[in-house]
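Structures incoming, each one as structure tokens.
Two complexes come next, and they have one chain in common, subunit A, joined by subunit B in the first and subunit C in the second.
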Partner chain A sequence: MNVRLATANTKVLIGVLIAAAVIVAIVAVVRLDTTGKRGSGLGKEFVYDVGDLAKIDPNLILYKESTPAIDTGFTKTQAIAVDSEGSIYAAGDKAIRKFAESGNLLGETRLAGMPRCLTVAGDGQVYVGFKEHLEIYDAQGKRLATWQRLGDDAVLTSIAVSKNDVFVADAGNRIVHHFDTTGKLINRIGARDMDRNIPGFVIPSPYFDLAVGRDGLLRVSDPGRHRIEAYTFDGDLEFSWGGFSAGIEGFCGCCNPVNFAILADENFVTCEKGLIRVKIADPDGAFVGVVAGPEQFVEGGASRVSEYGPGAQAGAFDVAVDTSGRIFVLDTHKGVVRIFTRKKGE
Partner chain B sequence: MIRLVYIIIGTAFLLLSSGTASGFERFPPPDFESGYQQPTPANPAPRRNIYEYVDTAVLLAGLSLSSYLVLRTRSRRAILALCVFSLFYFGFWRKGCVCPIGAIQNIALSIFDRDYAVPITVMLFFLLPLVFTLFFGRTFCAAVCPLGAIQDLVVLRPISVPEWLEGGLRMFAYVYLAAAVLFAATGSAFVICRYDPFISFFHLSGNFHLLILGACFLLVGVFVGRPYCRFVCPYGVILRQLSRISKWKVAITPEECIKCRLCEDSCPFGAIRAPTADWPAHDYNKSKKRLAFLIILLPVLVFSSGWIGYALRPVTSRVHATVRLADRVYLEETGQAEETTDASSAFRGTGKDIQELYAEALDIQAGFGLGGWLAGGFVGLVLAGKLIAVSLRRRRTDYQADRAGCLACGRCFEYCPQEHAKRKLAKDN
Partner chain C sequence: MSGNKNDIDRRHFLRNGLWGACLAGLGAAAGALSRKSSAENTVWQIDPEICVACGNCATYCVLEESAVKCVHAYAMCGYCRICFGFSGPEPYDINEAAENQLCPTGAIKRTFVEDPYYEYTIDESLCMGCGKCVKGCNTFGNGSLFLQVRHDRCLNCNECSIAAACPSGAFKRVPADEPYLLKRVDSVRNNTAGCKPLRSRRFSNGVDIA
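After this line comes the complex of A and B, so read on.
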């Protein structure tokens, strides 16, 4: 009798176990999120909020927007430059437009292709970079020269002109071409050469800027390494500064800074994409302050930074400076030039 | 008892090592204050093509060996050893992919989508077990299938499932096969892979719900032998039919059956059929009438099931991402949903015409309508066939392994005194 009872109890227990397992299995299948709409299910503590990084301590912001933004009128803007007289040149939509400080349009030069970069030399000549070659115009917009094509792989992204030298950053070939002012190639700078302790540039996206410093050294951004490198005109790497950090003192994201300019006091203005930040660093790379951050650049403030991600990746902002220390930021999203001046007493 | 401890330890190890691992794609990457140097991102190299052929060769060798062990050697121990090997090779080493069960979907998609090409190795994985089943019975299920192997190892206290319940539950496998082919053919989803209960174990990582599902199958499998193989496996449905007509078949006894009934309870899968008595005359007449009625009912069942499959197209088509997207966009456009989803935002970002999206979704839904007719009709046909089979009686004089249901595990060999006698004789000689 007891044996039969025990057998019956065991059968009931097995039945209950099987029924429970079947019910749990059905619940597991029903609750399986096949479309991903329920998210990861992780708590708040696991969420990485980029919005927090976009918030910048107001005490660090040393600049303010001094005048209304200048509307370039372009659908797609690429680059800006400022000449010694304070006129602003903007490149975009197969044209170069020249604006007065007040924002009045002073002139327009139509181009055969989409310009990718430009600079204005001390003599007023405008150097315009296209994808594979460079053209030179006078201040009235007359084309003076067209230089040799640099190959199908070339993607020109920046030009710097000193007294006798012209430097062209080529993101496609990850190299800087060094010409004289007649367009004759002198040398190439930055190619990987471990004998000369040159690691080569890491350029994950078509942002590769350069400028000539007052100390006579060529400064080149190496966005993949999050730094700015200093080269002699002969191509020797002298030093570099900068490093990765999501903090305000470093360069964040995959590849920053995307653009930079050198102020009259030899400080650097750096511009980052993604988390859009324009900052000031001293000649040794030490953080000085902020010109403007995502809250100033992105409509709706920090909370919308993420939504600007893809756009910011596609069209990074450009920066230029004038002799009085004003900073010009080309907002490629809105197609406007925003002008920042240092706050008094900062 | 020792076996129970092993099973508990093994299951606990699998559960612990299969915990869910989730992560966010982070931009920008987090800072480290400890001086940690972030490594350079690197993608693992793709698996070399040669290994696909190695896998196929191992499958072929496994099938050959399994067939030899089942039909010639008749050694349960050797079959079990091969089972363990297959579990580790095809399961844990190859992580359960590619497998013949999932390959059904690749084949179905390749038939209906001309842009989709099936790799030769996937084709071989699908075909080889079928060919072997045609000749030797379900020797793939016996010791080569990793899903079968993992269940086979936990059969601890098998109980018998009543025949009516077994037959009813098995209908699910047919429905699952029809659904899997429908969703694969329409390019919607590979549901067999999506709901594979053991994939989390094989990957030692995965979705928490699938892990629970797999654990439930193993728990049920302790008492009901190989529940996935018997009641769910869509590939098993095909193998069942081929096994019915296989050239050689598993025999419980190597000699004449002496009807000792020792083997009767040896099969944990309910695949041993007892000898049948003569059919009483009144039962025979009743069954004849029932058979006639069911044959008349067959087209009705096929049609009604097909219609149900067709009528379910608004539900079934939602498995397709485009239909889901069109539904969502419609809700947003008509103000029934206020917030956008990632998918609807991405669609709007493309600038494509919404009407085109609706038209595409309707096209897909029409495909589900036709597919629903076919899938439903298939299920109706199977149901009618099963009802008809109940009205038929096969005459058996011996204890026999059911040709369709026998998984060729070899457990019954050990119970047969004729087997022991033969082995003793062989040993003495």
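After this line comes the complex of A and C, so read on.
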């Protein structure tokens, strides 16, 4: 009897052990994550999150997207400009495309290389910047001139034309070239010269914009110092404004603003990369309001280099304005031009 | 039946069978050798252009301390005073104080070079490959910080557990004689899409980094 009982107990014990082993195995298999879908399991101190910074108080947003975006049709877009008649020029994919306000394609000029920047002068001539040189086209797309190469280190990023003066931002050499309209070099602006109290531009990445203000001063972005500087055409630094801040009133990131434009009322439209923010500042640099924030441009708020495919870095958006105060933003991620108008009563 | 010349006798059957088995064995051995040789000539590496710095590299490696570390392409770096791979998005101040550092293990060293430039170096003994700095640098900077499998540590497992857990498929086999997939200035400079490096920085104090 005792032997039978002992045998039975042993069988029960073995059964319980087997059952426990099976349960442990099932739990282990269920909990096993060979695909990484459950994440790294690292604590919050290892998480890089700028989601809160991407949120902008809706009361600060003064503009609304007024019309459907214009699809440039480019796979890589680089720059935009608006002429005095309101036509929109987009540069990308070895071409310049001209669009009507409605978004209809008006024409295309094929180019030998990838354009990096462009502007439309008051007389309708289109100045196109390539990596190392400028070309000038008439309104029909006929090439009028090719200017001298500015050296292997040159990386041209912006052009401004003011009557007889042409300014070209060269991010590679961290300098502004000042030409006349025939292409003759007049001077170079912004080189480090402590005798003239000019610290030199800090350009960590090839975003280096400029524009001529209605006050006759050349405005140049100095992204490494998070500011916009004002120069005379002779190259004297008059003043600057701007500073680093993750807050909405300042320029965030290592190097911003990347692009800017000057409205007819002399306010500035600035554009930042990383947390893509398009904002308005008054002529003295005081924060006025927001055109559009990161959540309106990029899902999740912050653009990340690695999320736009192999080789694609987080493109900075170009901005342009027209005489009626509309703001054009070139969304380089989607290859479209987005048009913003000021909300009524704002 | 036995008189039919087309019939196969037992001896022939065994001989042919043995020959077939030998040939099959030889083929299998050659295939296995070839596969082993091929595996020995390749190693695991992360494609930095595909990596999303998810953090899985820090925890999925079979080694207690991951074989993946952050590396720095100095020629791409902007040497910024405010580096978002070094500082958090909202630093209290712009300096090396612990509370202003992004890296949870303090693996990035910031050294003054010349106003307003700073050099950033990775202390690999402290880096655990979480990729937090990579995200900061990629989001706001030039993307000069990126993750790589360090082959002085990697065991080159046949089935890499990090590769299996990589959400972006950034792990790939690369030739053992070219085991690193480094970011290069020229390839990025020619990409006109966005933020990219310019050229080597030459500082007046003699630092010259290509």
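In the analysis below, the second predicted complex is superposed on the first by the 282 of 346 C-alpha atoms of A that agree within 3 Å, B and C clash if a C-alpha of one lies under 4 Å from a C-alpha of the other, contacts with A are read in each partner's own complex, and residues count from 1 in each chain.
Criterion: contacts are C-beta pairs under 8 Å (C-beta built on N, C-alpha and C of every residue); 3 or more make two chains touch, one makes a residue touch a chain.
Worth saying up front: this structure is predicted, and the values here are computed from it rather than measured.
Participant: Is A:G213 touching the first partner subunit B, the second partner subunit C, both, or neither of them?
Facilitator: In the superposition, A:G213 contacts neither subunit B nor subunit C.
Participant: Quick one: classify A:G289 as touching subunit B (first), subunit C (second), both or neither.
Facilitator: neither
Participant: By residue count, is subunit A touched more by subunit B or by subunit C?
Facilitator: After superposing on chain A, more of subunit A is contacted by C.
Participant: Would you check which partner chain A:I14 touches, where first means subunit B only, second means subunit C only, and both and neither mean what they say?
Facilitator: A:I14: touches subunit B, not subunit C.
Participant: Could you say whether A:A25 touches subunit B, subunit C, both of them, or neither, answering first, second, both or neither?
Facilitator: first
Participant: Once the structures are superposed on A, label A:G141 by its partner contacts, choosing first (subunit B), second (subunit C), both or neither.
Facilitator: Touch partners of A:G141: none, neither subunit B nor subunit C.
Participant: Report for A:K273: first if it touches subunit B alone, second if subunit C alone, otherwise both or neither.
Facilitator: A:K273 sits against subunit C, while subunit B stays out of touch.
Participant: Of the two partner chains, subunit B (first) and subunit C (second), which one does A:G73 touch, if any: first, second, both, or neither?
Facilitator: neither
Participant: Tell me the contact category for A:A316 with respect to subunit B and subunit C: first, second, both or neither.
Facilitator: Only subunit C is touched by A:A316; subunit B is not.
Participant: In the overlay, answer first, second, both or neither for which of subunit B and subunit C A:V155 touches.
Facilitator: second
Participant: Return the residues of subunit A at which the contacts from subunit B and from subunit C coincide.
Facilitator: 33-35, 37, 40-42, 46-48, 50, 53, 244, 246, 252-254, 274-275
Participant: For a test of understanding, state which residues of subunit C touch subunit A in their complex under the given definition.
Facilitator: Within the complex, subunit C contacts subunit A at residues 47-60, 78-84, 89-90, 94, 102, 104, 116, 130, 132, 135-136, 138-143, 161, 164-168, 187-189, 191-199.
Participant: Show which residues of subunit B lie in contact with subunit A when the two form their complex.
Facilitator: 22-24, 26-31, 38, 157, 159, 189, 194-195, 197, 207, 209-210, 212-213, 216-217, 219-220, 223-224, 321, 324, 341
Participant: How about subunit A: which of its residues touch subunit B in the complex?
Facilitator: Residues 11, 14, 17-18, 21-22, 24-25, 28-29, 31-35, 37, 40-42, 46-48, 50, 53, 244-247, 252-254, 274-275, 309.
Participant: Mind listing the subunit A positions that touch subunit C in their complex?
Facilitator: 33-37, 39-42, 45-48, 50, 53, 76, 78, 114, 116, 153, 155, 171-172, 202-207, 224-226, 244, 246, 252-255, 273-275, 302-308, 310-316, 332
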